[in-house]
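Should a chain be cited, it is by its letter among A, B, C and D, assigned in written order, with residues numbered from 1 in that chain.
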Amino acid sequence: MSTNRLEAFSDGVLAVAITLLVLNIKVPDPANTAHLGTALLSQWPIYVAYVTSFATIGIIWINHHAMIGRLREVDHVILFWNLLLLLSVGVLPFATSLVAAYLKLGNGQHLAAAIYSGAFLVMALMFSALNRQILLVKPNLLAVELPEERRREIFNRAVIGIVPYVIALALAPVSAYASLAICALVAVFYATPRASSS
Amino acid sequence: MSTNRLEAFSDGVLAVAITLLVLNIKVPDPANTAHLGTALLSQWPIYVAYVTSFATIGIIWINHHAMIGRLREVDHVILFWNLLLLLSVGVLPFATSLVAAYLKLGNGQHLAAAIYSGAFLVMALMFSALNRQILLVKPNLLAVELPEERRREIFNRAVIGIVPYVIALALAPVSAYASLAICALVAVFYATPRASSS
Amino acid sequence: MSTNRLEAFSDGVLAVAITLLVLNIKVPDPANTAHLGTALLSQWPIYVAYVTSFATIGIIWINHHAMIGRLREVDHVILFWNLLLLLSVGVLPFATSLVAAYLKLGNGQHLAAAIYSGAFLVMALMFSALNRQILLVKPNLLAVELPEERRREIFNRAVIGIVPYVIALALAPVSAYASLAICALVAVFYATPRASSS
Amino acid sequence: MSTNRLEAFSDGVLAVAITLLVLNIKVPDPANTAHLGTALLSQWPIYVAYVTSFATIGIIWINHHAMIGRLREVDHVILFWNLLLLLSVGVLPFATSLVAAYLKLGNGQHLAAAIYSGAFLVMALMFSALNRQILLVKPNLLAVELPEERRREIFNRAVIGIVPYVIALALAPVSAYASLAICALVAVFYATPRASSS
């Protein structure tokens, strides 16, 4: 299969997932809302989770193109890992909604934060698995041949992206807020262009 | 009509349908949830149905491209069968939600499993009908001419995909769990790359 | 602007609208459902409305490509009419849901059927307006020059598509069922390939 | 990264966002609706907000293509501002739903109108920031070199689009209706083709 079609379908799933996130931001029910401003402010966790998930999917989209752009064509193993990556992105609207609903509640906030950061961790793992397949397992599908050191370098850089999500998951039982904050900071850090690329 | 446009539209529908599935995974209402972990675990049928439907649509997408990729151009009969195929994919989010809601209930579990496996069966039938039109009825639209035995061989392989769904549908009145398990195993089996292609 | 981009965006909107229709098919609430089969059968209007709207959007997609495919490039007037056409398609999920909810109710069934057939009528009118702009008002954007009789012929064929929706709208105050039946028959008639094209 | 991919993903997000708007138009609950016509008319703010948001996203789409079409390739800074633009479009379905729910209520109508016009203002600001980056900060990515006066002229025209939203936001505390009316008029004004382009 050509890389064009893989990209078109993946772009579609990522574009739908990133846009569906907004359905998690609920309009406060007018019948039960004495003061709209207070009601909107009190649901601040959904705004943080929304921006975090939006930026993270955006970053995945950018990196996905860089990764697939290295390929001449794709085989079934790549399709398989790509489908698992899309599956892990596909559940993000649920995980986002879950952490937003439970972040401020004593009952469930730790589990919700663990599921949210865990979803990002799984996504980063799938991304690394896909990168490993492309760069190390079967590099003969690359459009331009790369020396092994260079391939290992690109792969290692992708693997580093896993670390903050491991920390966020480990922190979830201690502090749900700290766990979410790490996910948010990672999104902001990677989304913001660095001096070298501006 | 060119095949490009048929693929772009079909990819769009498949990408939206596969991503909409997540809306079926509901966040347990905090007001009625004493323990979040228990509440999330108790809705396990939706996770099984979600992954099954996601993988099945992913497989349909891969096979759809292989099928349309054989064509030079498309005519109205192909458009018609393709629209029916997309219609059968389009109802999967509903069938997924239905089987998830009723799988654990004595009342309705058999019918829900029958509708779920039946939806997959209809999808497989539409896929075979489209394949039959392309490979056997009007092979002069193929981009590369294929001998008849080869065309029959490809078609027969697609038709075999119908069999497990017939079994799953037949099992639904006996055991809803067995019916869903077959649909799930088919998805996992076809999605996993085999030795020959890795 | 190139026609490619107009088509890509229009395809996106049509693909999302056609797939969103499924959200209107609700799973009967297990808590209030004594018999699932009866509950599913009793909501038959949504299945008729779903298939009708799905097929109609599918037909619009096919015709939209035929229409835009005649163009070399697009100008602001074409973009304007195309946006109005997409707007009329965009409200179909709502009109579909409305007619499904009210078709069996003495109170509201006539208005719901009028709005449903009226939405199709507006869509057909926008489609004709776009066709008129392309074929008659500013034919110099056509990729291949066509004699005026041929352009009028294509335009007139598109305009005929308006007639059944005028009848369906006129029938809505008399019989909501007859109005919906006409919309359904039009969809089936245009979606089914005719002898000449098979 | 090539501009093609940026456009495909942006088109996807815009197409999904524009189509998701329809989910905000609710079917009146038959159980609580004595007269469907009255019920539908009483929710007129959602129709105004729907058409306004639909037309505004449509205009953003047209202008986005004109802007990106000037580029030869995109860098990380452009991707960053584009992601912020898509984020501001992504929240429009929520802002649309909010202003529709609160426009007629003494409690909250001013805040809802401020958030609605504020969302459009942020979107216009992101659009100008993206234009500034492309035209003034790093014009060496342009496909065709443009003299500085011409680049400033295009940029200034984009910046003028901010003004009406500043006025709409400033009017929100005085009159929610006037604020929404300005947003609606801007959408109609920009969507309608002018004599010069017809």
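Keep this in mind: contacts are C-beta pairs under 8 Å (C-beta built on N, C-alpha and C of every residue); 3 or more make two chains touch, one makes a residue touch a chain.
The shown structure was predicted, so the numbers you read here are calculated from the model rather than taken from an experiment.
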Same-site or different-site touching of chain B by its copy chain C, using the half cut: different
Identity of the chain that, by mean CA position, is farthest from chain B: D
Distance between chain centroids, defined by C-alpha means - chain A, chain C (Å): 36
CA centroid of chain A to CA centroid of chain D, Å: 26
Chain B residues counted as touching two or more neighbouring chains: 8, 12, 15-16, 20, 23
Complex interface listing, chain D residues touching chain A: 1, 5, 8-9, 12-13, 15-17, 20, 23, 75-77, 79-80, 83, 86-87, 90-91, 93-94, 97-98, 101-102, 105, 107-108, 111-112, 115
Contact footprint of chain B on chain C as seen in their complex: 7-8, 11-12, 14-16, 18-23, 25, 27, 30, 33-37, 40, 50-51, 54-55, 58, 61-62, 65-66, 69, 191-194, 197-198
